[in-house]
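In the two complexes below, chain A is the common chain; its partner is chain B in one and chain C in the other.
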Partner chain A sequence: MWLWNKIKQLAISWKSGVVTLRYPFEPRPAPAGFRGQPIWDHTKCIGCAGCANHCPARTIFLRDICQEIRILLYDSSRCTYCGRCADLCPEKAITMGDHYELATENRPDITQTIELFMMTCQRCGRCYDLEIKNSLDKLHTLGYRYDSLEVGKVSRQNTAEFSPDLLEKTKTYERPKQLEK
Partner chain B sequence: MNKKEFLAGLLKDKLGSDFLGQEVSSDHRLFVDIEKEALLPAVKLILEQGGRYQVGISYDDRKNHQSFALIHTLAFDRDGLLVALRAFAPGNNPEFDSITPVVPGAGWSEREYHDLLGLNFKGHPNPKRLVLSDDWPEGIYPLRQDVPHDLMPPSAEEVAFRLEQAPPGTSVIPFGPFHSSLHEPAHFSVYVDGEDIKGCEYRGFMTHRGIEKLGQTELTYNDVPFVAERICGICGSVHSTNYAQAVEAAAGLKIPQRAEFIRVVILELERLHSHLLWLGVAGHLIGFDTVFMQAWRIREKIMWLAESLTGNRKTYGLIIIGGVRRNITKEKAEDIRRVLQEVEKETLTLEKAIIKDKTIHKRTRGVGYLSKEDAIKWNLVGPVARARGLDIDVRRDHPYAAYDELKFDVPVAETGDVWGTLVVRLKEIYEAIKIIRQCLDKLAILPENEPLALELEGPIPAGKQGLSVVEAPRGEAVHYVLTGEENRPERWRVRAPTYPNLQAVPDMLLNNKLADFPIIVGSIDPCISCTDRVMVVELRERRVRIVARQELEKISRKMRLGR
Partner chain C sequence: MWKKLTEKAFWRSIWVYHCNSGACNGCDIEILNVLTPYYDVERFGIRLVGSPRQADAILLSGAVTRPTLPLVKKAYQAVPAPRLVFAVGSCAIGGGCWYDTYNVTGGGEKAIPVNYFIPGCPPRPEAIIYGIALALGLVDKKVAPVELKQMEFPVDMYRHRKLFEANNVIYKLLGEEDDRLNFGRK
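After this line comes the complex of A and B, so read on.
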């Protein structure tokens, strides 16, 4: 009985043979629909902050450095590749690529920065008409936004007027060490 | 009169003026508010009626009621009813009666809230630190609302966890925090007399990531599923589905039928690969590596299938509140059927080759025995409970998603040992395949262009309670959500299946041989990262001097030369 079992096990192992892939010596392409590294198309991006507001890992940061220029920074070191940003983008400016070999010694390899030129609206100070019900309406970013690009901290604070003080504060943000009394 | 009305009436009668009120909810949930003095009698009353203790939930409610809330939830598996008893204690003196002397399985919940919220439990037999690291300073309770989620307090000095004294006549063998037979960090200090295990103490919670705190302070409703998924590396979708169900229950949402079936397919695929993974690990732990290699070979097909279905091998990212994100089209359904057929055939071949092998029988029969009474005492869940003759399965007893429309069996074994868990898990593999096939049949009938997720009409109302259970591969997982303002939960509590099962491990180990330690601990399929989900900082954050490579080489060379 014991021997018979061992013969059966041998047969299974023999039949299946070597199943280990030759990766990385042979490439293994990802299947269709794979959620790899997200890629921003800066010609389509309108700077609406939908991706930054809904990123579960908080890896997309926005900083308005002046009236006209908004910086969007994507830091993939904490990214979970859930693909929420690509789902929510109203302009389909984000695509989930099929690239997955992302290990690197060099941080800039896995970050993307876009400088967006924002036009000025007479009504809200920024760029879009809010009376029309559109997808931007749901994205809740009005006015100016100051995330800390240095520490990687999303700040939920928006201001209607551009505030150099807040901008300065986010540059020096530190995690709290003690409870506030 | 159904069970819910009967229990509500009974509690009202027996508690009198201590009964404060009852929340309007579905027929399968009973949310009751009582005075805190009545908590212990009420829990006793429900246990007498045949309730099974699930978990304690506590939260900081000083903002609204100047108090801390404590909820005990109990399940009636035959009636499909979950009962939640809530009591409040004043914010300046948060003290409750401990229910641990009556329900030993509540011990961890109470210790957890002593650590995280600073609650005191009168009469707790073992009020030691459980969740917080040893060097976390006294007096800072991370789950309280005045503590920011990214607080990094300076560590307390000269503190250490005091392990119990070994009983006389035994010696201590430490297993962990890192040990080759444990795949995640946990510390068991095992007392042995020769080869026989005479007791053990557990110190875990070393992989806290503060996920609950994040969900309550930083994330928004629809961010949480993607973080919840990362609670566990194996049963991720269980947690995201469970959380989404709890929110949907609190907000009164009914998701599209197609989404329900897709959720079931994903959950069952997860069960399939989890059970095959366990079978492999169990084989490995008893030194039977053929099982390990072959089970994982079969499992890999499911991983590839999941990758093409959802976009990733493991973190599927498929669940959002109100539905799912991706469809299962006709072509994908064909892929699933093809893979399932292969997996079924190969698992059967593997089962036939190993099930009568003496190696397995000798290492698993009679090992890690726990009687049915003990299993009830410790509120065991999942295959570990079913191997001990407890016929409980959340999918059948408290149906969620589309399980009420599917037919399947719940395998139960009576042996009460590791062998029983192996048999139960093997049989569940075939049941899971059966369930997925039924789902695919249903999906083929349902209109394909049905929306996959609900559009939320407005914000989710605050202050509503939602309680959800999901049968993870390891057993019942419980999620509790109290909705809050600012588009995020006020309280989100996760109880993974390993939480109750691990508490019973010391009893399972008793009088076994030391060599069987790995397989006994392995038999509950411990998921340490699930269990440890709550905290804020890494453990043992000591001052670390960075040693450059050259320096390290220099030191090691010096050592070798004996200088």
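After this line comes the complex of A and C, so read on.
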């Protein structure tokens, strides 16, 4: 009986054959629908910062280095590959790739930096900013920026009503000078 | 240099100790999956051991939470000297979604020195095998930092700004400072 059982086991294991994958020596593509590292298409990106505002792990940073250039930095190290950035992107500039062999010994290897050229306003010469409705919205947008202090210095200050005090304080806008009466 | 040292120090089989520091069990299941006959890692001589004293490497999973921080440090100290630490999953690398939570240290790197990072949430078993094979020198690294540009400027904007700042020093000394750096506010 004991021997018969052993023979049965042998037959079962013989039937299945070798199941071990020769993985690191043979490529093994990920199945369809696998969400790997997001890939940015820099020709489509408009720099709207939607991905940066909606990233749950805050891995996407935005930085305005000068008047025309905005830099988008994606740090993949704490990314959870949830795909919200790809869902949200209005221009479909982000696609979730199927690349999963991301192991590395230094963290800057898994970053992506994109230099975005921002259109400037014809009148004031500044970048188009995000739509800021009230001070709460303003706090929201500035809070997720990489350099919120610097941006706060440059960003416009809005008030609900016209206030001449703020107008006097603010000299950031290059308005056409008033005609002398 | 590190690779050469690894090849010298770990030319025999490496035994790993699986250290869970508050993970959601996603990474742990994938690590267990690596040990199954389907992805048989004992071909490379990798074995899971129960005690850090017998281990050569630590597979750290989970964002290091505050209660587990001293335990993780103790486990790291218990591993004998030429040791490797693999941070498995996005929590162990940078803290994941909980990188700035009150009860989380924010990744394994803030608790113990980490040698290899295996991103993924959770990483595929192949990705874990790939990370360990990378440490053993069996495969080549496949990632590099990506830099994309929408437009190439004829004048380098960074250099332009730096030059402007350098030139402005003279005007500062003369007392005719240019307002453009301060955006009109003083």
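Simple rule for what comes next: the second predicted complex is superposed on the first by the 100 of 181 C-alpha atoms of A that agree within 3 Å, B and C clash if a C-alpha of one lies under 4 Å from a C-alpha of the other, contacts with A are read in each partner's own complex, and residues count from 1 in each chain.
To be clear about the criterion, contacts are C-beta pairs under 8 Å (C-beta built on N, C-alpha and C of every residue); 3 or more make two chains touch, one makes a residue touch a chain.
Small disclaimer: the values here were computed from a predicted structure and weren't measured.
In the overlay built on the shared chain, the residue A:68 is in contact with chain C alone; chain B does not reach it. Touch criterion met: A:96 reaches chain B, while chain C stays clear of it. Of the two partner chains placed by the overlay, neither chain B nor chain C lies in contact with A:17.
Using the contact criterion defined above for the overlaid structures, shared-chain residue A:115 touches chain C, although it does not reach chain B. Applying the stated contact rule after C-alpha superposition, one finds that A:56 touches each of chain B and chain C. Using the contact criterion defined above for the overlaid structures, shared-chain residue A:79 touches chain C, although it does not reach chain B. Contacts of A:42 after superposition on the shared chain: chain C is touched, whereas chain B is not.
Looking at the superposition, the partner that touches the larger set of chain A residues, chain B or chain C, turns out to be C.
Chain A residues in contact with chain B (one complex) as well as with chain C (other complex) are 19, 30, 56-58, 80-82.
For chain B in complex with chain A, the residues that touch the partner chain are 140, 146-148, 150-154, 218-220, 222-224, 226-227, 230, 290, 293-294, 297, 300, 304, 307-308, 311-312, 315, 317, 325-326, 349-350, 352-354, 356-358.
Across the complex, chain A meets chain C through its residues 19-21, 23-25, 28, 30, 40, 42-43, 45, 56-58, 65-66, 68-69, 75-82, 99-105, 107-117, 153-154, 171-172.
On the chain C side of its complex with chain A, the touching residues are 2, 37-40, 43, 90-91, 93-97, 99, 107, 115-121, 123-124, 126-127, 129-131, 133-134, 138-139, 141-151, 157-158, 161, 183-185. Across the complex, chain A meets chain B through its residues 1-2, 5-6, 8-9, 11-13, 16, 19, 30-35, 54-58, 80-84, 87, 96, 175-180.
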